[in-house]
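What follows is a single structure, written as structure tokens, with notes after it.
Letters are used for the chains, namely A, B, C, D, E, F, G, H, I, J, K and L, taken in the order the chains are written, and counting of residues starts over at 1 for each.
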Amino acid sequence: MTLLVINGPNLNLLGQRDSDIYGTMTLAEIEQKIQERARELGTEVAFFQSNSEGALIDHLQQEAPGSQGVIINPGAYTHYSLALRDTLANLQVPIIEVHISNIYGREPFRRRSVTAPVVRGQISGLGWRGYLAALEYLVASREESP
Amino acid sequence: MTLLVINGPNLNLLGQRDSDIYGTMTLAEIEQKIQERARELGTEVAFFQSNSEGALIDHLQQEAPGSQGVIINPGAYTHYSLALRDTLANLQVPIIEVHISNIYGREPFRRRSVTAPVVRGQISGLGWRGYLAALEYLVASREESP
Amino acid sequence: MTLLVINGPNLNLLGQRDSDIYGTMTLAEIEQKIQERARELGTEVAFFQSNSEGALIDHLQQEAPGSQGVIINPGAYTHYSLALRDTLANLQVPIIEVHISNIYGREPFRRRSVTAPVVRGQISGLGWRGYLAALEYLVASREESP
Amino acid sequence: MTLLVINGPNLNLLGQRDSDIYGTMTLAEIEQKIQERARELGTEVAFFQSNSEGALIDHLQQEAPGSQGVIINPGAYTHYSLALRDTLANLQVPIIEVHISNIYGREPFRRRSVTAPVVRGQISGLGWRGYLAALEYLVASREESP
Amino acid sequence: MTLLVINGPNLNLLGQRDSDIYGTMTLAEIEQKIQERARELGTEVAFFQSNSEGALIDHLQQEAPGSQGVIINPGAYTHYSLALRDTLANLQVPIIEVHISNIYGREPFRRRSVTAPVVRGQISGLGWRGYLAALEYLVASREESP
Amino acid sequence: MTLLVINGPNLNLLGQRDSDIYGTMTLAEIEQKIQERARELGTEVAFFQSNSEGALIDHLQQEAPGSQGVIINPGAYTHYSLALRDTLANLQVPIIEVHISNIYGREPFRRRSVTAPVVRGQISGLGWRGYLAALEYLVASREESP
Amino acid sequence: MTLLVINGPNLNLLGQRDSDIYGTMTLAEIEQKIQERARELGTEVAFFQSNSEGALIDHLQQEAPGSQGVIINPGAYTHYSLALRDTLANLQVPIIEVHISNIYGREPFRRRSVTAPVVRGQISGLGWRGYLAALEYLVASREESP
Amino acid sequence: MTLLVINGPNLNLLGQRDSDIYGTMTLAEIEQKIQERARELGTEVAFFQSNSEGALIDHLQQEAPGSQGVIINPGAYTHYSLALRDTLANLQVPIIEVHISNIYGREPFRRRSVTAPVVRGQISGLGWRGYLAALEYLVASREESP
Amino acid sequence: MTLLVINGPNLNLLGQRDSDIYGTMTLAEIEQKIQERARELGTEVAFFQSNSEGALIDHLQQEAPGSQGVIINPGAYTHYSLALRDTLANLQVPIIEVHISNIYGREPFRRRSVTAPVVRGQISGLGWRGYLAALEYLVASREESP
Amino acid sequence: MTLLVINGPNLNLLGQRDSDIYGTMTLAEIEQKIQERARELGTEVAFFQSNSEGALIDHLQQEAPGSQGVIINPGAYTHYSLALRDTLANLQVPIIEVHISNIYGREPFRRRSVTAPVVRGQISGLGWRGYLAALEYLVASREESP
Amino acid sequence: MTLLVINGPNLNLLGQRDSDIYGTMTLAEIEQKIQERARELGTEVAFFQSNSEGALIDHLQQEAPGSQGVIINPGAYTHYSLALRDTLANLQVPIIEVHISNIYGREPFRRRSVTAPVVRGQISGLGWRGYLAALEYLVASREESP
Amino acid sequence: MTLLVINGPNLNLLGQRDSDIYGTMTLAEIEQKIQERARELGTEVAFFQSNSEGALIDHLQQEAPGSQGVIINPGAYTHYSLALRDTLANLQVPIIEVHISNIYGREPFRRRSVTAPVVRGQISGLGWRGYLAALEYLVASREESP
């Protein structure tokens, strides 16, 4: 079983600023936490980050059909990338949208997710642990629905 | 360590209808799942369900200050109970808002949560497993910030 | 055959004020009119009134599944109680929403009913006779679809 | 006592399509049902249907003042014909607006009635029986207010 | 095979004014172009123009069921005639909506078509050739789905 | 010099009701006043009233090009008839829109005129004298711009 | 009989620019036209212009109660001066609001008049003749309602 | 003379948190201040607090008609409880709505009071002294209008 | 201790009209009531009224810094004068906004106060006594926070 | 004569899913159909598809000026890419916007095209034949305006 | 060459408060900086500040036509003074609007400038240096377009 | 000291079209003007232009932290690129947003900048000189705040 873990624009800078909002861990450190937990759960994970909307879409089109699920933090594209939404809606594997901060407690424009309506679920505000919760959900829900 | 698990209006009927949206498990069965996982994690959980906005507020005012965290699914009150929001905003323990279905993929009025801005995080669309994810987060995040 | 007749907040005060809007009959008098007509139609009716949203939901959850239909005037809850809406949407018996006054000819906020989209039909502005029309409809439509 | 029964655009096609929404009876069959019930109540009814806004207004201006009440299903004109609204507002006989389907459970544009604010009452979602309920109301309320 | 070509209000004045927007050809000249192309394609076409909403609805109700498709330019009724929309939604033949000018490049009110959601397709801004494109589409798509 | 005086829906009932809003004069009496003043000014006037949008458009298309100006009270069509607007916009003679009552002091929907942007001027709230003011303006402005 | 003729901000510059919108006559020339017509009608007129909202209010408070009517072109204050609106609403003499250009054919913000709801009538788009029409109306309507 | 002093949801927690917004006094301390001032003014006061919308309505229906006035701080129900609004609108004694904080200087949703339109007056932002001001007003205005 | 009492546009006409809304007392009489109560409380008060936005701002800039508090009824400027808002926001003395009528029970535009967010508190609907309540609050709150 | 045929994000996946909306043909098959028809018309066509907004803009800037026309299906960028709009607006060759599905019959966000106002025309809902119609239009209209 | 430097309401208080937003320099100090730079550039500058909308309009009407350009900071009038907008739109000299703070990073109401659409350019957030930038631009652009 | 000068989509085509809006200078010519002025001020500047949102973000993430300031014209991304906004918000060097044309005098969608709230200042409508003004500001403000 392979899961994709996709991060969108500016998430490559995690840990460098606004640590009160996003925490102090870098993306590499978070990916390592996910890697470790995935190993415990007997799952493979493949990571990808890009600041480019087109590159995110290309990657999802190519890699997601061969995976068993997608964990995606679309960053600011969450709020307006209808192209990304179409790509996600097109996939047949389960998708969990993750946001490190609680997007509902910040600026008004962050409260609207154009991608949320087409994914399985959304986790917001649990910090880096949100990725782990998504990982555990995808593994657990797969085990039960053979 | 004690955590409150609060469910709002109509959630006492889980499993009886709309199982394509909310699944087939009853509230009692979900609470048992939570109970079991809590035992594994060495945590106590206390359950409460009410259809009454006032009763939910009374309960939270009385029990939450003595707990170490709150997991709440406010049901339809999510979308308009500013009184419940004020109660939650008043608490000093971490709160996770849980929705069984993906509220962002349903009717427009379900996409606005008036309580989300004052809680720590929100989990939506993970079915009954959303409660477990909230539980695990509250236990894990507490262990690390002594 | 038993039908529930439910009245929401402030309807216990019918006949006491604003008689140009709501008429001069008290709720007890209206219930008697309904009772009499029900007897003629060979139907039983059970009455309930409460100012409490939670109590209305509790009552519907407990009594409606055993009935053959619901006549409900949700009072001001018509305009914002999404919790009541969810309860009504959950029921499998036919429901008729009744308003004594023509809610479309009054303040703008009264023109939006959040419960109307999930009921069978709505009668507005026929005074206390609206309850009778609902009663007759439920009895007649039941007779034809055995 | 004579009552007008007016039907607006496309209602001449009742029973031909969308029977899940509008039922399987034709307009002629519904008019016959109304006719029969009117006879039982000792009332005369006069029917009129047109797809033309102007023709509906002409008819109402000429016939309604000599009648004792109007039952009108304005079809789609319900939602935008301010000219028809003015005509109805001008009348001094009681008017009941009828919709076969529950207009509050369909497309958003159907939830706004520009005619409802100027009529006595509205009945929505009771199928063809809505016309009967309107008829009975007009006869009954007239008897009591001599 | 017969196709209806329907034109709404003010289109009888084509070619007389605003030629920078609508071109210099009269409606008669456009109908002749359509006629010629229809002959080449072995199809019959029947033309109708009216400034009256009711007359357009009457015509469609009577003629469209016997045709194999409708090409309609509803003129200004495009933007508000919900009655016409209901008529079109009721038809079972394919319908193409045509606008001579690009309605999305003009006044804001012209950018909303209430009829577009219930037709097969829409062609806007191709001038009189838009009618030909609609004609060719209806003939071609019919040939393939016998 | 000939001027058209056009009145829209329900204006044939002037003087019969709502006299506090529209005054006590009938349309015939107002037309006589206009006729008298026109004679004094050496101008001919031709009157037309219809409740039908299509008939108003037909009349304007046929008669207005041969006239030297149009005085029009579109009644409720003022607020939504984009078809009538297109007809007026198409004319090359000066047009004055007249409203007997002050439409800006009544219901909100009356405050928007879709025809006003395409006419020369608008007179609102001057009662039947508004027609005279329009008449005098059209005659006077014509005299000066030969 | 004395009538006030009040002009608001920037109207002192009439004739100097935007003559395609406002014409080529200066305010002084327009006032002379009004003066001449007033003399013919046996009425006195008093003129006032100011760019200051406060000065316009002061003037109206002091002079209008002693007059028999007010003709006012509030310039841009038309669109937002609620203070001026209150002053006008407070007066007991008839008021006619005049706009030289057709404010409904210009920028969207000019289409809303906050003063129009509290005056007797409004004349828009008749150029400088709008003042004359207002003058004639005030004189004529006064003569008839002694 | 007896006055009711009603406090809504979460006001039982006054003084425990957000003291920069609500001050440091508990509800009991504020009620004592009101009690003392009432004694000086020779008036009786009766206190009630509830987190339940229904209980607030029940209490008002039962106690307010026998009182000479109501001082109410509806807490968060201020912003959406149309049921409470109807109850208040139904009363014939004068009502003053009090808010401890300045609700117009906080979150946007707090700036709309659905109860304010049906009460005599509103006092916002004067801290606990707002209750005293309401008390003094009710006593003083009663004395003058015997 | 000196307090400013500022009144905005049209308040100089208090008592002359709309006495059902604003009462029958003139501004002079109200100022005398305030004067008397101020003397009892051992405070000086300075009065100012103007219809001019600029004059109100000038006065506040010059006099408020030397005072110990401001009581202001901005009249219609309440609803749009962002310039006045900036002036008030700039002051460091406590400010109470007073409205004689209940602005929340009147026209929609009166329900928005652009000044309220930057003042200490607001009193609405208490008639002339609102000024006294503001006065007493400013004196009382000053005494306690030396 | 060379025409560009540009397809935006996710259109490379045509035929793989949602075939009820987009049909069963792949992009390659559609391009072949276009190619064939182009040959018949004696025109060259050059194809380009990208998921990247920037790449689409780069391509258009480089290739479009040397072409005689552009057929573009911007996919989801239709609804928000103002950058693409600026590129299209900048071109001097005719542009036809094509949508395979009827975008006016789907989710609300698909009903707004930010590119449509700057192109020559739009074809929506004609399936893959929409591209052919665009091709034929561009060839035909070019032939006539040498 | 003479340039006007106009400052609107509350800008006379610069340097006295909110120095984190507006800086610590007084208006006099800023005007001196402008003066010095103007001298270096060989230009004359004339300063004016007023809190009164009418006075600003009067000044602009009288002085701007004789100048070669205007630098204006309209203060809060930026957001609603349509009268000032009309005055600026009327001028034929180039105008630069300056805001000391970044108005797009503050309260929502400050993000709308009603004057910006009619000026040459706008500089926001450059502190007092914004005036210098405007000055340099006006001088430089004049030199090049003789 | 090094400053970045970043230009977004379509700005590489400056000087080729719409010269009435954007002027006749090419981007290369503008960059040379900036280069020359930078040399005079003793500053280095580095230029970058891209049509790709992702490429602009990548470049800013890599180059801006090592610079002393950023001058950016985000082109159409100004109006919707929340991803670019997040990148800019993340930077700690001062940023000036530049627009060649006055974006407040064009289409409504250009009046909203999503990036403006997170930058230091914005210059709009000064043509290519806007870049120079930004450059001079960044150099001057740096010199004073060592």
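In this text, a residue touches a chain if its C-beta (ideal position, glycine included) is under 8 Å from a C-beta of that chain, and two chains touch if they have at least 3 such contacts.
Keep in mind that this is a model prediction, so the values were computed, not measured.
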item: Chains in simultaneous contact with chain F and chain G; value: none
item: H-I compared against B-H, more contacting pairs; value: H-I
item: Chain centre separation in whole Å, for chain D relative to chain B (CA means); value: 48
item: Centroid distance [mean C-alpha coordinates] between chain L and chain D, Å; value: 63
item: Centre-of-Cα separation between chain E and chain B, whole angstrom; value: 55
item: Contacts with 2+ other chains: residues of chain J; value: 52-55, 80
item: Chain pairs in mutual contact under the definition given at the outset; value: A-B, A-J, A-L, B-C, B-H, C-D, C-H, D-E, D-F, E-F, E-J, F-G, G-I, G-K, H-I, I-K, J-L, K-L
item: Interface residues, chain J side, partner chain E - complex; value: 96, 102, 104-105, 113, 116-127, 129-130, 133, 136-137, 140-141
item: Residues of chain E that touch chain D when the two form their complex; value: 52-55, 57-58, 61, 80-83, 85-87, 90, 92, 114
item: Chain K-touching residues of chain G, taken from the complex the two chains share; value: 8-10, 12-13, 16-18, 50-55, 75-77, 79-80, 109
